Amino acid sequence: MTTSTAPLRIAMIGTGFMGRMHTQAWLTAPRFFDLARTPEPVLLVGRDAPATAPAAARLGWPEHSTDWRTAVDRDDIDVVDICTPGDTHAEIALAALEAGKHVLCEKPLANSVAEAQQMTDAAAAASERSGAVAMCGFSYRRTPALALARQLVAEGRIGEIRHVRAQYLQDWLADADSPHTWRLDRERAGSGALGDIGAHSIDTAQWLVGRRIAAVSAQLRTFVPTRPRRSAVEGLGGAGDDASDRLPVTVDDAAAFTARFGGGALGVFEATRMATGRRNANRIEINGDRGSIAFDFERMNELEVYDAAPDSAQGFRRVQVTEAQHPYAGAWWPAGHGLGYEHLFTHQAVDFVRAVTGGTAASPGFAEAMQVQRVLAAVEQSAAHDSILTSVEGNHA
Amino acid sequence: MTTSTAPLRIAMIGTGFMGRMHTQAWLTAPRFFDLARTPEPVLLVGRDAPATAPAAARLGWPEHSTDWRTAVDRDDIDVVDICTPGDTHAEIALAALEAGKHVLCEKPLANSVAEAQQMTDAAAAASERSGAVAMCGFSYRRTPALALARQLVAEGRIGEIRHVRAQYLQDWLADADSPHTWRLDRERAGSGALGDIGAHSIDTAQWLVGRRIAAVSAQLRTFVPTRPRRSAVEGLGGAGDDASDRLPVTVDDAAAFTARFGGGALGVFEATRMATGRRNANRIEINGDRGSIAFDFERMNELEVYDAAPDSAQGFRRVQVTEAQHPYAGAWWPAGHGLGYEHLFTHQAVDFVRAVTGGTAASPGFAEAMQVQRVLAAVEQSAAHDSILTSVEGNHA
Amino acid sequence: MTTSTAPLRIAMIGTGFMGRMHTQAWLTAPRFFDLARTPEPVLLVGRDAPATAPAAARLGWPEHSTDWRTAVDRDDIDVVDICTPGDTHAEIALAALEAGKHVLCEKPLANSVAEAQQMTDAAAAASERSGAVAMCGFSYRRTPALALARQLVAEGRIGEIRHVRAQYLQDWLADADSPHTWRLDRERAGSGALGDIGAHSIDTAQWLVGRRIAAVSAQLRTFVPTRPRRSAVEGLGGAGDDASDRLPVTVDDAAAFTARFGGGALGVFEATRMATGRRNANRIEINGDRGSIAFDFERMNELEVYDAAPDSAQGFRRVQVTEAQHPYAGAWWPAGHGLGYEHLFTHQAVDFVRAVTGGTAASPGFAEAMQVQRVLAAVEQSAAHDSILTSVEGNHA
Amino acid sequence: MTTSTAPLRIAMIGTGFMGRMHTQAWLTAPRFFDLARTPEPVLLVGRDAPATAPAAARLGWPEHSTDWRTAVDRDDIDVVDICTPGDTHAEIALAALEAGKHVLCEKPLANSVAEAQQMTDAAAAASERSGAVAMCGFSYRRTPALALARQLVAEGRIGEIRHVRAQYLQDWLADADSPHTWRLDRERAGSGALGDIGAHSIDTAQWLVGRRIAAVSAQLRTFVPTRPRRSAVEGLGGAGDDASDRLPVTVDDAAAFTARFGGGALGVFEATRMATGRRNANRIEINGDRGSIAFDFERMNELEVYDAAPDSAQGFRRVQVTEAQHPYAGAWWPAGHGLGYEHLFTHQAVDFVRAVTGGTAASPGFAEAMQVQRVLAAVEQSAAHDSILTSVEGNHA
């Protein structure tokens, strides 16, 4: 922890969807939240030079590079923000932590438990050494409705939890002829729906419940085993450009598993990118002996809350989590004027800066993110062995 | 099949919740539907005499008895309607079929696969011998919204089905101190949430999809292992009446399983009577490559339908299944004037009479109901063996 | 009031939609509710002989007639149930009351305030003379959700009421070429959407709020001034059968008005049969200084309730009004197993019998129903005079 | 119109809620949308010096002033953005237009029709003289769901429109003891719920329908005639600080009116800030002879669309207006990742810049905004004269 009030100088690796999002977050955060240090975008790192310069200009990064080591090597950089695909996280994060930087790393933490473990160890050492903060970007924790849910659970309003059901349903791969992408390649993406979106459900569930998943029993499916090469779809190709030019899908299209939480709660999880008509239904419901909560990201400004106390008018309440009294929401607009997806990232930037300046714990730190990775690994292992109930290794719930 | 137009004379065994319901159904059906033979309630059979006489008087059954064999032995009875707990179904049904009666049997068909198999064999023989109809009371098939769903699937509007997610959530056992009942006793009830309500989900799913479940991987939970004896709760007891007088719960409180359907679709099922705040959320969602449907019995007059055909205004439609063009609904009121739970049973009575008079197949016949029993058995077996993926025996999907 | 326990012998005038409904109600009521006297359908009266006999047979009325005076003249009839169009109500009701019968009269009470006043006077006299009960069929009062709403208002949980917004939206006349019916003829129907469905909103609103409407400012519209003769639509006609054979619509298609309630609350009402896509959206919302309620008949088993007491999780609760503790609902099925439109009429039959046997007030009595008629008249008068704010005559709110 | 590609230099008057919002919009717009000129915040003008400097620093305006004339007088300012209360709009806008600036003015355009007319005339003259753009901030037009609604209406998918029902319901004044604010003072605010939020409904309705309101019949209410002085509530006061220190409310708390649109459609409007439980329910529903649309800002990312074309599965579709094909949405995130309230203002900034650089018409220009003012005036006039139907002066629908 530092008591400096100097700007917090940031280098960001990655110029894609998440790069745009993080930029918006770093710039917006200090306009709406009181921060002891103001995040200052300094250096943008992209893979190829012709694209990086205009991205930096448009997004407002004064400097740019195609070598992520620049970010690590420069003394005037405080934070390295990693927005690249999962197969590059470990190398960059290890170097950045070694160099004493604070690190914000997009999820999943890594493509394997082994890498995640290395990163976790490095983060612990760096924290010890220099107070460096290492946080993983499970952004849904910053949804005001889910933050309120966690608060209600912590206050005991839901009681002892028995059921957790979480579904993350998208449909952008429902068309069997939509083109192949790197997200369907096991080498690059690590896994499919499971790691891409199922990981969010796992993190959210454990964080809300306050208990870890102890064991899982799983099935995975790949409904569409090959996809057309993008060039074939878009008619960009040359001689070999025809509809039969298809690439193999080497990850799951869908994952389903039942879970045992520490303490005995029964979990049911499902992740798919082929649930026709569901655009981004990141849903979770928790039933306890005193109440329940239910959430669907397609209506991200709402939380449904049930209180089992006797009353002639019991029922799930549709809470608009947009009030001054609600987590994060008070910094924004009057009640009922909702937030959008991007605000999760602004809240994440705020929490990251506060962890750096206030010494509060990063949420989630690398150790927590690694544990999510362990659950993913257990799911894959169970699915590969006739769904047999499989312990989450290293679990100490 | 008979071409008689004489009244269809009915004996009903059971005077409880289901008995009241079936009475209402038999009496109402001919007032709203054209039937070749009019069902005529003749004989009500109850367990104890003092209760049976007034029940018969109130419900409108001219004769009553405490011996179900009377129903089987009398020549002037055409139909035996079995509304008793599951442990008595086999004996009554076998005798009735032997006597050439048409049989309507409440679900579950039996408390074991072995009994269910016997009943199925007897039904096949009776059909062969005398054209007797044997049908099992999976009444949710008669929900207009689900009947419409099946029609849409059959027409190909949903396309090839990839996902089935079914939840049956109730909460009447959420309070750990609510009293013990026969439904919590394995001897009487066969199983808990699984057989009581999960069986409905299994039947509905297979019927809608048109494919059987081939294998399952399951977990069961009993969250509350003992319950107070009813007398203790109600303060009825004598010397031994205290709060510590608790009986063991010998069935599951909750069941969760993943499923592989014939053809490869991925199923996720959950049944519980402890989902605080969910009164009767019998839900099912099906995703195909051309569309999706979603249903929740808490809004039984609605079906949500998604069509993936390109349009600037795609989205799940809330269809009010109350129009003249919709299954069953045309017999009732103007559009938008919904039906209730009891109408499922009226529709069931109609379909039963039509199976008797028109020679259409009973839906479901005993063979189909037995297959549901096999799925239940596979779920229990998987749960008892570390959730290992377990085939549904005798499955020929 | 009578202390007899003899059956309550009923004659019903009318064999249409409402006739079927009332029959079902009279027959079902005693099977689910404890009644001091059992309603007994005796005599069905229809307009034309060839249709009346089979209707009586099917619905289960032992006797039938084509002369409503038979019902009035017979000594063995206790109740006259009037289910005919509004232009015949006064004559029948006056004769029945004169003969000492209890009378249940479908809404609207009459087609004019003058007739309604006569009926009200006659009912008061008959009550005085013989204890005859006279009730008008505003059946929505018997919706469990609305009965719960009234209870919440009466308990003060909504506080002082400021806003009432009621919409009754249907769409069965949205197609400009749907055929003409008697409901579009001022002589027969009295008025259009206003009297047909707006009358329900007015009655419900005043009953819930516990205050009368003091003045209104209104607009009416007839969007489709002529409709094809039914024979033309169905191709039944002879020489003159062509699409140009259209009859004039002499009633409103839609009505909208603002209202001042006694005490000052602001009401906004709308009734239309041309709200494309709304099948039977009978909606009402009430906002007080302590809470709010909202209801839509398309989801008749639900009531939305908001409590303004400070809490971190405020929001409208979706109450499933299907529990043992809720009005009417306890007589039926377990929680979450909803009722349908027809159950309103069963509850109405129950309340009518209890008014006859228990001496409780009919709800609504003729005086209350007449006041609704006065509001309708004020609406029409305002609409005819440039929407000028118009007092409801005889109002004593 | 200018063909310059230089930055578009902006001065903003106002540092409150709307000032923060507009700042965010000007800064965000060029990061997500292609704009021919980049908006550049230059000068922030506030009322009092001590607050303006820190606001400028935090929000990122390099220069600041307490004299709005500076903004008008400087040659290097292209745009004057007016975010002050309504009683100051006319003076600033007239001076800015006179100086050849482009003007973006928050709604309502002015506090009187006379002022609005002056501004409209000045805008027309400035446009003629220098191509200056003058636009009024009816930001709801920039909701993707409403922009899609307008597109559907324009394409004829709703058909001929018969019904418009619009409600704008908030509840922040429901507590009779919440403190007085300038918004309750007629001098400052012009009117109450009517002008504050009802104006939005009027603009949205006319814009969607493509027709103007010709006449209105209205009622206004002030339910709480006095409010505690803020200091009294917060205990800040001196000698006179007690609960009895209340100020008069000189505007309406609620407004309700029926409307006749050009072409004959029937409108029903309601605006209130006392609808307990409704945080920001800006709702509109339109029924035509081919379909319907419905919208509620509390779920701003959704549009409900009904298509009357015959189908066995008709129903309102819940369209998530978050797809690449939808208005504005394509610039942001993947489908299902919703936007928030602030994005309306970013879209407004985009459209304003495009009007300046592309010569497209401002939407709404001052003439359109003035017509909304005329409707407001007609509503107040009708309410003051026993709700008599009152023409919107100067209406040429």
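Chains here go by letter, A, B, C and D, matching the order in which they are written, and residues are numbered from 1 within each.
Heads up, the rule we're going with is that a residue touches a chain if its C-beta (ideal position, glycine included) is under 8 Å from a C-beta of that chain, and two chains touch if they have at least 3 such contacts.
Which chain is which protein? Per UniProt: A, B, C, D = Gfo/Idh/MocA family oxidoreductase.
All figures in this text were calculated on a predicted structure; none of them were measured in a lab.
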Chain separated most widely from subunit D, comparing mean CA positions: B
Candidate from A-D, B-C or A-B with the same interface as C-D, over half of contact pairs in common: A-B
Separation of mean Cα positions, subunit D and subunit A [Å, integer]: 36
Intercentroid distance (Cα basis), subunit D paired with subunit B, Å: 55
Geometric centre distance via CA averages, subunit B-subunit A, whole Å: 42
Contacts with two or more other chains, residues of subunit C listed in rising order: 278, 314-316, 320
Subunit D-touching residues of subunit B, taken from the complex the two chains share: 148, 151-152, 157, 303, 305, 312-320, 325-326
Subunit C contact footprint on subunit D (complex, rising order): 162-163, 165, 167, 171, 174-176, 217-219, 221, 223, 254, 256-258, 260, 264, 266, 268, 270, 272, 274-278, 287-292, 306, 308, 314-316, 386-389
Contact set on subunit B toward subunit C in their complex: 17, 20-21, 23-24, 27-28, 30-32, 58-60, 170, 172, 278-281, 297-301, 320, 322-323, 332-343
